[in-house]
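If you scroll down you'll find the structure; I have some questions about it.
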Amino acid sequence: MAGTELMLDLRAMMPTLFPAVYGLLLLIGVPLLRRDDQRWLWYIAVGGMLVSTLVPISLLYTGTASQGGMEMLRCDPMALWLDVMFALAGLMALLVMPTYLRRVDAYRGEVFPLMFFAVTGMSIMVATENLVLIFIGLEVLSIALYVITGMVREQQRSVEAALKYFLLGAFSTALFVYGIALVYGATARFDLVGIGSAVISGEVFGMPMLLAGLALIIVAFAFKIGAVPFHFWVPDVYQGAPTPVTAFMAAGTKAAAFGVLLRVLHAGFSGSADVSSRWVLTLSVLAVATMLIGNLLALVQDRLKRMLAYSSVAHAGYLMLGLIAPIDVGAANVLFYLLVYTFMTVGAFVVISLFEEDEEDADHLSHFSGLFQRRPLLAIAMGIFMLSLTGIPPLGGFVGKYTIFLAAVRSGHVGLAVVMGVAAVIGAAYYLKVIVAMFFRAPERSVIDNLEVPLPAAVAVALAVAGTVILGVAPSLVLGPLSQVHAGIALLP
Amino acid sequence: MTDAPSAALLLSSLLFAVGAFGVLTRRGAITILMCIEIMLNSANLALISVSRALPGNGGSGLVDGQVMALFVLAIAAAEAAVGLAIVIALFRLKGSTDIDLARLLKW
Amino acid sequence: MDLVIVIGAVAKVAVIVGLLQVSVALLTWVERRGSALIQLRRGPNRVGPFGLLQPMADGIKFFFKEDVLPPFVHKPTFIVAPAVSLFCALMAFAVIPFGGVLEVSGREIPLVIANIDAGVLLLLAASGLGVYGIILAGWASNNKYSQLGGLRASAQMISYELSLGLGVIAVLVLAGTLNLSEIVELQSRSLPFVVYLPLGFVVLLIAGFAETNRLPFDLPEAESELVAGYHTEYSSMKFSMFFMAEYINMITSAALLVTLYLGGYGVPRFIAEPLGLSGNALVVAEVVSFAAKVAFFLWVFVWVRWTLPRFRFDQLMRVGWKALIPLGFANVIWAALLTILKPEWFS
Amino acid sequence: MLPYLILIPLAPLAGFLLVGLLGSWGLLEDKWAHRIAVTFSALSFVFTLAVLTDFTGGLEKYAGGADTSYEVVVGSEHEAARFEVTYWEWLPLGKANLRGWGPEHRLTANLSFGWTFAVDALTLVMLLVVSGIGTLIHVYSIGYMAGERGYYRFFCYLNLFMAMMLTLILGANILVMFVGWEGVGLCSYLLIGFYYDQVFDKESGLTCADAGRKAFITNRIGDFGFLLGALLLIVTFGTLDFSEISAAINGASAFWYGSALLTGIGVLLFVGATGKSAQVPLYVWLPDAMAGPTPVSALIHAATMVTAGVYMLARMSALYWHAPGAMFVVAVVGCLTAVFAATMGMAQYDIKKVLAYSTVSQLGYMFLGAGVGAFVAAVFHLVTHAFFKACLFLGSGSVIARCGHSNDMRLYGGLKKWMPVTYLTFLVATLAITGFPLLSGFMSKDEILARSLFSYRGSFWLWLMGTLGAVMTSFYMFRAVWMTFHGENRSPDHVREQLKESPRVMTGVLVVLAIGAVLVGFLGVPGGVSNLLGLGDINWFEHQLHPVVAARGVVAMASDGGGHGAAAEHAATGNGDEHGAAVEVIREGMEHPALSTEWGLFGVALLVFLVGLAMASWAYGGLGQRAQRLGEILAYPRRVLHRKWFVDEVYQRLVIGPFWALSRLFDGSDRRVVDGAVNLSAAASELSGQVIKLFQTGIVRHYALWLLSGTVMVIWLMTR
Amino acid sequence: MIALGVMATMGAVQLTVFALLALLALGSALVVVLHRNPVVEGLFLVLHLLSIAGFYALLEAYFFAVVQVLIYAGAIMVLIIFVIMLLNLQPEAKGGPGLVPVFFAFVLGLALVLLLTRAGISFAPEPAMGAVASDFGTAAGMGREIFGTYFYPFELVSLALLSAMAGAILLAKRHLED
């Protein structure tokens, strides 16, 4: 390989490679440092995550269009944008991690490298169009997440969440592998380009086989994004996992899974009207169920983590509308929404993570009563996240929701858009519960009186607020560059 | 539809369903893990059997299906390791691996 | 299928299995006499000259002893376990080439039971499966000591199989083939790999001790703690099957070491060339050479057993994970470097 | 000044941030909180005035400039002057091929929405009202909120509200408007819940916080319709810019007139308006919104925010002109609301609830006006209403503050003795709202009623209902006056001992507003009134606003054409000539009735006022009480008890009875049907949530079961 | 029907082996799924895996067959059985999941089989089981693919394994302090 080619190759690999190598270095650091010294690991990890954020940004800035990793990795704008999201989610989660972990007495250095591995897995998933690599990225991500979900071994809920996540996740992995096998059997290819051209030409070794394979792949990712009826793990795992991990997982996994779905569906399976109409129908059915059931279930929760978990299910439903729109209409909107979602949902979880102190009902809504009296800025930040999740302008959530809405209407799915509207009305009710509690209730418990907001947590919250607001007021900063993102995803007419 | 690969493919779907049935009905976490292994294996069997039948280099049989199957194998090993560790952690807390007892998180 | 090949194959299997049995018998004798030598005792010396018939007497004793089947055991497993152990041990040996290609009436008969491409892997697979015999025995006995023995066996096997694998892989990297016969051929063309990979040799040797559950790695049957470990409840032929499996494993281990690192059945050039051996004579010499090398290592096994004390379990684990595996990796990297820097040595 | 339009909302926003941040860090003394807030609010008023002068000075100097971010319409006979400036691009969605239901069928549009602000006559009117009255209420609050918990919080919300409301008004496209739309909603909820822990409704035990939540969710339902309408606009026109939409519609007038699509959009947007402006059936939140502090009720729930719907309708007048069906819906809903709310206003004892229902009812009038095409009159009523309703609310606030924070009118009485300024201003405002001739309410409301009768889109029934509502308005307002200020004081002793007039900072504001309530009406003297007085056309307001909301464009209407030549002539301000003789102008104006009819209307208006006044006086004021006292005096010695009974019974049976029954009926239907429907859907969601929740058993096997059934379903769907 | 087709193309020996392996695989899988005793389940899973390896051999994927035995049966299953014995798991309590879930699971499993079979019978590659490709089933062929096209995924698998290792230590190590 000539020198320049190698450099290009490396450049394209950087977003994937950097967190991987950095994680490895951190992992070496874990046994070398005594437990008391492991806080240094945190500083190193934060620095690394910052760089992980900057790497894709700089690549976006300097222009991309290159391949790497034995031509398996694509370094296209979609991948880079998603990389930014993963690293941002990781960064914000990392910022509150030590505070949280010290409080639950589970400060373990291993979590930092595992976070980096998870970021690596996500980056791999979205940066490739080879099903093999997608599978491996997914597993790198999942395995790391299984572990850090159950990291607080002394808490039953953490371990239980890990167990549920693991069992169901492995189940869905099996489905995914079987799906890949069927698609491979039907097209003799693992790469989406090859699959796509086979789909276009119709030269497949068994159409039902291809479709069944695609169905299983869809199921596997519907599981990851938490679409109904594959959502059952979401609330349990989100509630059980250490909150910073929940934050990271909620934003990162979802973004990664949607990135993959965008690529798989639009690059691989949109060449034939028969095929694409089938998956559009399937995803529409799932989207309707997801939006409605997610919101209805969130409505009846009085634990914040659980409520946000169901809300994330609902948001997955909204995002699916962007997924089934034509790629040039939907892709940019999905990515934008994901970015906003990263900010607001991670922000919200970060705020929640400041609250947890006991195992039983740490995140109960009543803890938030009267937060405004005690911690006005924190309450306002949380209020902004909630309003953004509701879709109130001029916050990012509004822009995201509106563009998705628009995409649905533009692609002719008016019925789905109406369902989305109805669902959003239901959604308003429970997000408001939080605001009502924070602003309109007297402080009930002593939790908020001795609430600590250490500087890193404040930085994380500020970052999330800034992102949410800026993306609402000037989304063109992102939407502009994103408007051409679809060109890199779908290689087919 | 008249050869060993196809027959193995069909057998794999049967095994896949058997494994799924196990996941749906059993309570022991490790048993479920084993049922998932059956499912993964059947997926691997499907991969190998289709790759055997696909046109390859100078005859039928395409190698990259096997490569994928190998990766699946490695990943299955990793998953098993993590899964067992989680089960052990749960066992330490509850003294049992019965997943029906692990229902602190619900509703 | 060619009748000659079939007959050849059957003959090979029969001879090998028979030879292995004999060698096991012999080994027990060596072991007892050797230990006596080391401990300044006499050892068995009543049955036959130098007690040479003692193993036969033992065999007869095992054969005719009452087969006790304790009431609390899990019967099917209890019965199957020793068979699994022995079967796997025998199977592992199948891929070891113990000589060159014999020519009988114009037909070539390679002196290996199964000359397959993935020979090394099959060996590893078979030895990996061997652990089931021990685990099953431990569990089926339904007895704490046995169970602990089984547990230890499995943990130990898993741990040391890695370093075993690393020791093997380094050779594969140099040789570029998985076929053991080819590896031997390659060594006879260049030098025995122990010259290039001394570290790998050591790793494989130590891992070999561990894989065969012999001292200082005999934790699964540590009599001072676990009575007799996994085979506490076994008696008569079932016990002897374990016994045989262990010794066969020992032989396989030694054979593997010899094959991979010491030129296998190859007759050292400085011996072969002056003698001008060729054809079937050379093959015979090769078999002898192989037997001699293996015998030497078998003696090393005995020697070590009666010299070193037993590890503690945590020490055992630490040696496995923190010493052998890193060394194994270093060795593999070294092998890779060699192939890159001096590829002409191994072509 | 015009290019710096954005300063108008930014000023209070800065105030909000300043007060909010400093306050939350505990660095702000109370007096500095209100000083900052009032300053920034006043600043935006000053900016508004500057913009006003700049605007009236002519836009020529900006036209044709190099700066592409401006868009200037200098203004002509046919086109309203307008100044538009884009600050930055907000949502660039790129080129889009839209299906386009328009005349071109396919539409390639560059979908891009900017932070664009625009000024025209309508905007200016609204700006003046909002920043002017807003500032006054800021001042008033200094007195009213003195010593309250969360003082700085109140002012910071108030400033935020101002910023948002001004954004709403200034926004040149629906999205920017929607920002303000939601923003004011948010502030409204925050302020409704200001006394979050107080129970405001003893019957249901709901707290103020619940009231805020109810308001929020009810509004979300409306917003959903609004957003859908906006979406349809995008898909249809490829833009959300008000002026561009209007131009597109007017440009293909014949195509669009009466199209189902426009009707749909109009109705959907109106759904949004019903939420924000508290129309049937989404008005349920407004009475509950009285849980907030009284200045909030005055500013947000009377003078400004709730009128956003009316403003929006006026903004989209081009669309509504072309969608007669939608206009009809607007008119009917407005009319129904006007009557419905008025009946409920009659039965309330809570003074703020009376005013709240009154507000709903008055908003109904505005929509009635808009619905019959009297956009100018509707906006005019909006302006006058802002003055007198603010005055009324603030007056009631003054009373409430002095009467131990009790809203119950049964605990008032005879307050005029203690609070003369409050009394007088309240009375003036009452006279204004009830339509005392020549006061502002008379001018605007009677213009609406007249239009509803004579406009081409009006009808006798609308007018009749409206008039009926006016009677009730008169009744419940005077009832409130009598119960509060006349008769004997019924307050608890400790309250009575401390009764006194409110501080000057409050009464001063009341006086200013009362003067406004008297004078502002003369800006827009209706044609009928000026005719009667022989003054000619002196309707300044109409002249200013008409170009903005006038009907433009022509349409072929063979089916119901003919007969309205005069109207066609009157309204021929559009580009009608191009379409030749076979077309008819959208009928905008009303036929000017004969002078005798005008007199008749005048008489009816006066009669309405008097009937209400008489009934209220009879029941609660002088007459009723006098009768009662008479009875008491005469009863025992003279045994003329039956006479007293007779009086009471006549009153009960003939006057109060039916009204009360009606009121109760509506009140009941409010609680049970409308409110009930809202609550029911909430309960249904809650219930279904609770039921679905049961599937989440916490047992992994069950999850796997669902997962697999989902899988089977998906495979089936895919391979079907 | 299918069986007839299989018979038509496979040789008698092959067919017999296939049938035996299929019976073995299915039977052992059923034991795993139905038996109560975890250790027995584990052992039958080993048997199952071995029979699957037999299929691989039948399909001429010899290298993979050996790998299957080596990794799956030799390593993964040892680990699983080790943990079963470490935790000294007792047979699952009687009572089971109840008839209704079993019924649903059965129906779902059946539906899955039917759907996947429908997909599977459509599989019709051009040369049905022709002469085997030269690189199929050999270590060399796989090596070329792994270290050629699939080099990057191969490297990343190690990352998955590594994080699994770190995770297992984090979750299961007895004392975390030392």
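Think of it as A, B, C, D and E in the order they're written, each chain with its own count starting at 1.
Just so we're on the same page, a contact is a pair of C-beta atoms (placed from the backbone, for glycine too) under 8 Å apart; a residue touches a chain by one contact, two chains touch by 3 or more.
This one's a predicted model, so the numbers in the text were calculated from it and none came from an experiment.
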Tell me which chains count as touching both chain C and chain E.
none
Could you work out which chain's C-alpha centre is the most distant one from the centre of chain B?
D
Farthest from chain E by Cα centre, which chain is it? Let me know.
D
I want to compare two interfaces, A-E and B-E. Which one has more contacting C-beta pairs?
B-E
The chain whose mean C-alpha position lies nearest the overall protein Cα centroid is chain A
Where the centres are mean C-alpha positions, what is the separation of chain A from chain D, in Å?
42
Report, in whole Å, the distance between the mean C-alpha point of chain A and the mean C-alpha point of chain C.
52
Quick one: chain C and chain D, Cα centre-to-centre, how many Å?
93
If you average the Cα atoms of chain B and of chain D to get two centres, how far apart are those centres in Å?
64
Using the touch rule from the top of the page, what residues of chain B touch 2 or more other chains?
9, 16, 19-20, 23-27, 32-33, 44, 50-51, 53-55, 62, 64, 67, 71, 75, 78-79, 82, 85-87, 89, 99, 102-106
Counting only residues that touch at least 2 other chains, which ones in chain C make the list?
none
Can you list every residue of chain A that touches 2 or more other chains, as numbers and ranges?
132, 136, 139, 143, 146-147, 150, 153, 162-164, 167, 171, 175, 178, 182, 185, 188, 205, 208, 211-212, 235-236
Taking the top-of-page definition of touch, could you list the pairs of chains it picks out?
A-B, A-D, A-E, B-D, B-E, C-E, D-E
How about chain E: which of its residues touch chain A in the complex?
115-116, 118-120, 122-126, 148-153, 156-157, 159-160, 162-164, 166-171, 176-177
Chain B residues touching chain E - in the complex, by the definition given at the top
1-11, 13-22, 24-28, 30-31, 33-35, 37-38, 41, 44-45, 48-64, 66-67, 69-71, 73-82, 84-89, 91, 97-98
Contact footprint of chain B on chain E as seen in their complex:
2, 5-6, 8-10, 14, 18, 22, 25-26, 29-30, 32-33, 38, 41-42, 45, 48-49, 52, 55-56, 58-61, 63-64, 67-68, 71-72, 75-76, 79-80, 83-84, 86-87, 89, 92-93, 96-97, 101-102, 104-106, 108-110, 112-113, 116-117, 119-121, 123-137, 141-142, 144-146, 149-150, 153-154, 157, 160-161, 163-165, 167-172
Under the definition above, what is the set of chain A residues touching chain E in their complex?
20, 24, 27, 30, 35, 69-70, 72-73, 108, 110-111, 113-114, 117, 120-121, 124, 130, 132-133, 136-137, 139-140, 143-144, 146-148, 150-151, 153, 162, 178, 182, 185-186, 188, 205-209, 211-213
Provide the residue numbers of chain E that touch chain C in the complex, in ascending order.
39-40, 43, 46, 62-63, 66-67, 69-70, 73-75, 78-79, 81-82, 85-86, 88, 138-139
